[in-house]
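See the structures that follow.
Look for chain A in each of the two complexes below; its partner is chain B in the first and chain C in the second.
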Partner chain A sequence: MAQSTTLDEPIGGLMEGVTDSLNSDLVQSRATGEPEWLRNRRLDAWASYERTPMPTTRLEEWRYTDLSRKLSLDALTPMEWSERAFDRESAPARMAEAMEADHESSGHVVEIDGTVAHVDLDADLAAKGVVLTSLRSAVEDHPELLEEYLATRALPADRGKFQALNAALWTDGIFLHVPRGVRLEHPVRVTRWLSEEGKALFSRTLIVAAEASQVSYVDEILSDDMEVQSLVSSAVEVFAGNGAQVQYVSLQRLGHGPFHLSQQRTIAGKDATLDTLNVNMGATTARLDLNAQLLGSGANSDMLGLCFGEGDQHFDHNTSQDHVAPHAYSDLLYKGALDGRARSVFRGIIKVHKGAQQTDAYQTNRNLLLSEEARADSLPNLEIEADDVRCSHGATVGQLDQDHLFYLMSRGLSRTEAERLVVIGFLGEVLSKLPLGGVVEKISRAVEAKLNV
Partner chain B sequence: MPQNDTIQDLGLDEYQYHFITEDEPVFRSGRGLNEKVVREISAQKDEPEWMLEFRLKALEIYNAKPMPTWGGDLSNLENVLDEIYFYVRPQEKMERSWDDVPPNIKETFERLGIPEAEQKVLAGVGAQYESEMVYHSLKKEWDEKGVIFDSIEDGLKNHPELFREHFGTVIPSADNKFSAMNSAVWSGGSFVYIPKGVELDTPLQAYFRVNQEQMGQFERTLIIADEGSKAHYIEGCTAPVYSTESFHSGVIEIVVKPGAHFRYTTIQNWSNNMYNLVTQRALVHENATMEWLDGNLGSKLTMKYPSCYLMGEGAHGSILSIAYSGDGQHQDTGGKVIHAAPNTTSQIVSKSISKGTGRSTYRGLCQVHEGAINSKSNVECDALLINDTSRTDTYPYIEIEEKKSNIGHEATVSKVGDEQLFYLMSRGMDEAEAMALIVRGFIEPIAKLLPLEYAVELNRLIELEMEGSVG
Partner chain C sequence: MSDTPILSIRDVHAKVADEDTEILHGVDLELGKGEIHAIMGPNGSGKSTLAKILAGHPGYEVTAGSITYKGEDILEAEPDERSKAGIFLAFQYPVEIPGVSIANFLRTALQSREEEGGELDLFDFQDELLARMELLGMDASFAERPVNDGFSGGEKKRNEILQMAMLRPELALMDETDSGLDIDALQVVADGVNKLHQENPDMTVLIITHYQRLLNYLKPHFVHVMVKGKLVRSGGPEVAEELEARGYEEFKTVEA
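Let's turn to the complex of A and B:
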């Protein structure tokens, strides 16, 4: 047969995404003065970045998000680490407001432009051995834990282009370690602020919850609206040891302008519960890659997500329920409401590996289109290689339920009010499944604010 | 834990159609695909110049397009394609009377039960053997009403204008690599025209048989259901089991004009050494209805996603799909519905059974274009896994650009429940019977939609493959 010549351009090549500012010199400078293991990890990650082609829409996982149009790496300069102090009095209004709305907590972290500026932790918890610190300090103080967990088992550089980029270039981040059996009554609350335009910011979060411990972690990121794109890359690794109970909540409330790239991997041990909530309200483009691995038998993950898009916002959620162990349970519910020309993509997969018998896995994606130009794409996938499982998935795309609207209007509400109420009710279902102090109110208010625009 | 192995007794894996007919074709192309083969086919068929050009252009497109990297495992396909015969002509001309069909071919089809079925209940029958239709007949009453049911070659010869108006318009050569291949080497298939307002109360049926080792069958079917007409077309496919792999790649184009109602049923029971890569698509106009009923039981790998392009207001598309994947089989099937007009509705129901090392994949697309207001679509997939080595995947694509639409997708995966088995066995059934009953119950919602009243032959196939002998 005649040799096929391809019409399509080849899928990428070497050195894609290496720019004048994001290059091996930068990696070298970041690695300067670091312990050898970390230095090598950065260099390996950079090598992996260089040889991995830039994702294109020809890849299933990037089918609906065209990076060549959404992200201008060439225009970005790296955000550098610098000593910073946090002063609540002079904090930007949006940031101060967000922090005020936080209820009681076990500890706080404030990160500004990729540098941790403030950490406090309940003294009793510190005495019990809980560690809450910047990733930079953790390299000094807890090298054995970091060497074991940082960019190794959860988000190693070879998992993908951007995993590699973050592992090579991170400036700082947060490290939380909860020792065996220690339970935190209140959430750890993290506030991250972005102030600069035209930057590429790389931050990491590492949460290690040992056996039978318990912790909730709320990770909020904010900024004002920006004219020029910044890239915020967040790599989040969460480990729940046997029987541990962990909640990770991400509230993405960046202003207009930034591209938020959130890569999360959760690994749940035997009988552990590891729940996540991802709220996407802000940024111009927000991409979430979440892989929840059920590694121990009897592990349990609720995966919740909601987004509200307007204007030209583009949200792309790529989730994976990765059932390795038998007798594990995962339940995903992602909901999106889209106004203006906003677009949401949900691509989820339930992967049941051979031998993961008695798996229960569910996946639901529901979308509400509020305007003529909004668009929703949904790809709820299943790959099942064990026979004794219960799996189901469902996806819907629709408009506001006319019966609901009619009912509310018959009670005297105006159409606008009725619509607001129905949207809040639609998204509220997600929040009601993870009732964490402060989070529900904060998100409800943010949704209402968007609806009032 | 029940021994799922007992399902062996279901008869699902016994291939009933393995027999080889000894014969010598009147013409056979060389192995592999090249321009010479394409020119030979065109010359053998004594085609007009435009068709030869169409074929050659399609060959160029085929050569330029890369092999798909999604779907099933096609890694060995290029080797297979190098070895197969793209065109095998079994006899000099197509027959209208069953008695005139050469005895060995006749015997083949008699073993498949064709003349029998025809006498009883069918409006018309076509039979393809290797690359050509060897027999085509239509009941007189339908002939008199202007129904055309012919081989695709005779369609081109006898109805050149109607043919050219529609050929290649529903599925352009460049649609995908295999539609390009078919467009280059097509041979056989049916040409069907149902005139305005004519309603066929019994189905048209076509049989496809591959007998030779290492051959490719590339039937091409073009169906035009004119305004307000109604008809049902059934195709069945079988082949003997050879140690080498064979290839089948059909292109089915259907135009359903305003108010018409067309149903296309496939019962594909190719032997397990067959690659079956088919493109089927219908353009559905105003207030018309298209129904695909797709049964995939055989083949090594099937990649087939019947689609409905709902082009006119009020159009309706329905795709019902049953797949059975036994050891070594991969059924990568599903359906596509494209809502391009207001008030269009669609439904996809897919049921699959995977057994042994079999793998069933549902792959589907539901697309609602902006402006297709009040579109409604519902997709349901159920997968049944019999063994711990079986696999199932579901890959639905839902792309919605219109807020005034209502789209849903649901899928479940389950195994035959211990409780269900226990209950039935407590009622005195043995395990195999109980298993068979549960599997039957699983496919019943689709099986009952099959046209029981006329497709005697079809039902026989379904019974043999799906229900079989127990114990």
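Let's turn to the complex of A and C:
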């Protein structure tokens, strides 16, 4: 790729994506008053951001998502951290409804516009040393853990344009630490709300589950519909120590308008189980980058995903099953149902490193098109450097055909009811593998709501 | 047969919606309330096409003629409206619906029959479902299996009749329900249908079949022969016996 140099291009950097409001002044101001290690991490991240070109469709990983058309960084102003109170009574309807459905939890966090506004944690768990807090307070209260884990081992800033941007500009987020051997009976539930349009919001999640601990975590993000685009950047780092059992669930139910960018890295230690479920229902464009690293031998990862798109929604899933250690197992199942002119992309790679003998790794992507104009692209991939492995991948794209609809309607179901039944049945396979309380109901209702529009 | 017929088909011509070739070339048929009729005929003669048209399949277009059900023209009605009005089609080739259990499917179907705002009583539903499954010799665990997904041919047909028993139609169209059933299953299913007919003697049944066997159990009042998109002969049960003995040869030469 030829690069023409102009006089006003700064030395050593392309500066792509640096705007009037997303610039080094902003990084400086975010770093003010922070401990040195963190300030340096931000500044390094920003330098990396400036150096890295904006991804284009010429890159395989961005081939189907044209950022130059889908994202207008120039039009965005950064969401600032600000002291907030959360009052359940006056919560927006969509948010209240989502929280209503959250029965049985070990703890709850509410984040509003990139600022944690409320945290509660079961007192017994707190007494056992469980930490659930905002990332900002964790910087003060648990500096050693943060320095060890934040934006360095899982999502280091120099591994991608947007990874760098988030590491440089995050305002707040959630930190969960589960000490050795502690098991949480109920999920930790997080409700994140975006209220403003035209904003760029950067938030991070850091989950550290120590040896033999157990936790499930449901991370829900919501907003109302918006006329003007907002960018929501979520960076999620999950560590499961040896023998730990961790489930991370992301429910993306943003309204129409926002661009959601979710970058996730999970790292599973020896004999650990680290499962993920990514649900994409909302946003105008949603991009997921998920790298599941099986770092310890005998590690296990189920990677589940589902999306349901309508209108002009665009979902891009980019996954990697990264087998470093031998005797590990990963099984990915992503399903997408698409109506209207919605579009989904699935690009998944199973990467088996040299020493990772006796790997079991599977990958399945299935899509159901409900309309003529919907489209699904599926690009499964294998990269295997070990010789004693079991791997498979498969992808299908099917159409909800006239005969299916006729069969259901001939029993008295309306077209909408018939579609709902088929879609829920199709996506239900994914949900049945991770039946967390409240999650299935929320997704069913979200599907219904979308079919009724 | 003094009442107005429940179904009256007049000179119906039909074709596949986006093609030109005509499949039905002028079908006339009247079904009186509570009667049992059978249509027999060679492969490809248009029997399933007729059944699907009656249930409102959007893939076919009626180009001439009329179909009235209970005195009303139903050609414009959607399949779900026809179902709610009491028409039921047991499919020759039932469709698989992965991930949707039979119980859930039937609950949704019955719920959609409730008046606006009405709620299906779930306990009654459960009792009724179990009773109907027993009637048809089906194990209770069947209700939790996804509709037709991985079912054997016989299981699919039994499931069609289970749906019919639950939805209690006034006009039941049974398209080759007997094919794929073993002799014992055929007997169970036929007994089930007879039971439904006893429960509701006003239920009208149109059986499409290739075999006399089913008709020995479900005694039709009238038998019709369809060849090349037309009904070429109508009569009493003896017609089926003649066909069993002589086949369709004599009709095939008839002008289509």
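Quick notes on this structure:
Assume the second predicted complex is superposed on the first by the 424 of 453 C-alpha atoms of A that agree within 3 Å, B and C clash if a C-alpha of one lies under 4 Å from a C-alpha of the other, contacts with A are read in each partner's own complex, and residues count from 1 in each chain.
Throughout what follows, a contact is a pair of C-beta atoms (placed from the backbone, for glycine too) under 8 Å apart; a residue touches a chain by one contact, two chains touch by 3 or more.
Keep in mind the model is a prediction, meaning the values are calculated, not measured.
Of the two partner chains placed by the overlay, only chain C lies in contact with A:Ser410; chain B stays clear of it.
Judged by the touch definition given at the top, the superposed model places A:Gly33 against neither chain B nor chain C.
In the superposition on chain A, contact of A:Leu421 is made with chain C only, not with chain B.
Once the two complexes are laid over each other on the shared chain, residue contacts for A:Pro435 go to neither chain B nor chain C. Among chain B and chain C, the chain that touches a larger number of residues in chain A is B.
Chain A residues in contact with chain B (one complex) as well as with chain C (other complex) do not exist.
Across the complex, chain A meets chain B through its residues 1-2, 4-8, 60, 354-355, 357, 367, 369-399. Of all residues in chain B, those touching chain A in their complex are 4, 32-34, 63-67, 70, 78, 81-82, 368, 370, 383, 385-415. Interface residues of chain C facing chain A in the complex, by the touch rule stated above, are 52, 55-59, 78-80, 82-84, 88-89, 91, 94-95, 97-100, 104-105, 108-109, 112-113, 146, 163, 167.
Partner chain C is touched in their complex by these residues of chain A: 402-404, 406-415, 417, 421-422, 424-429.
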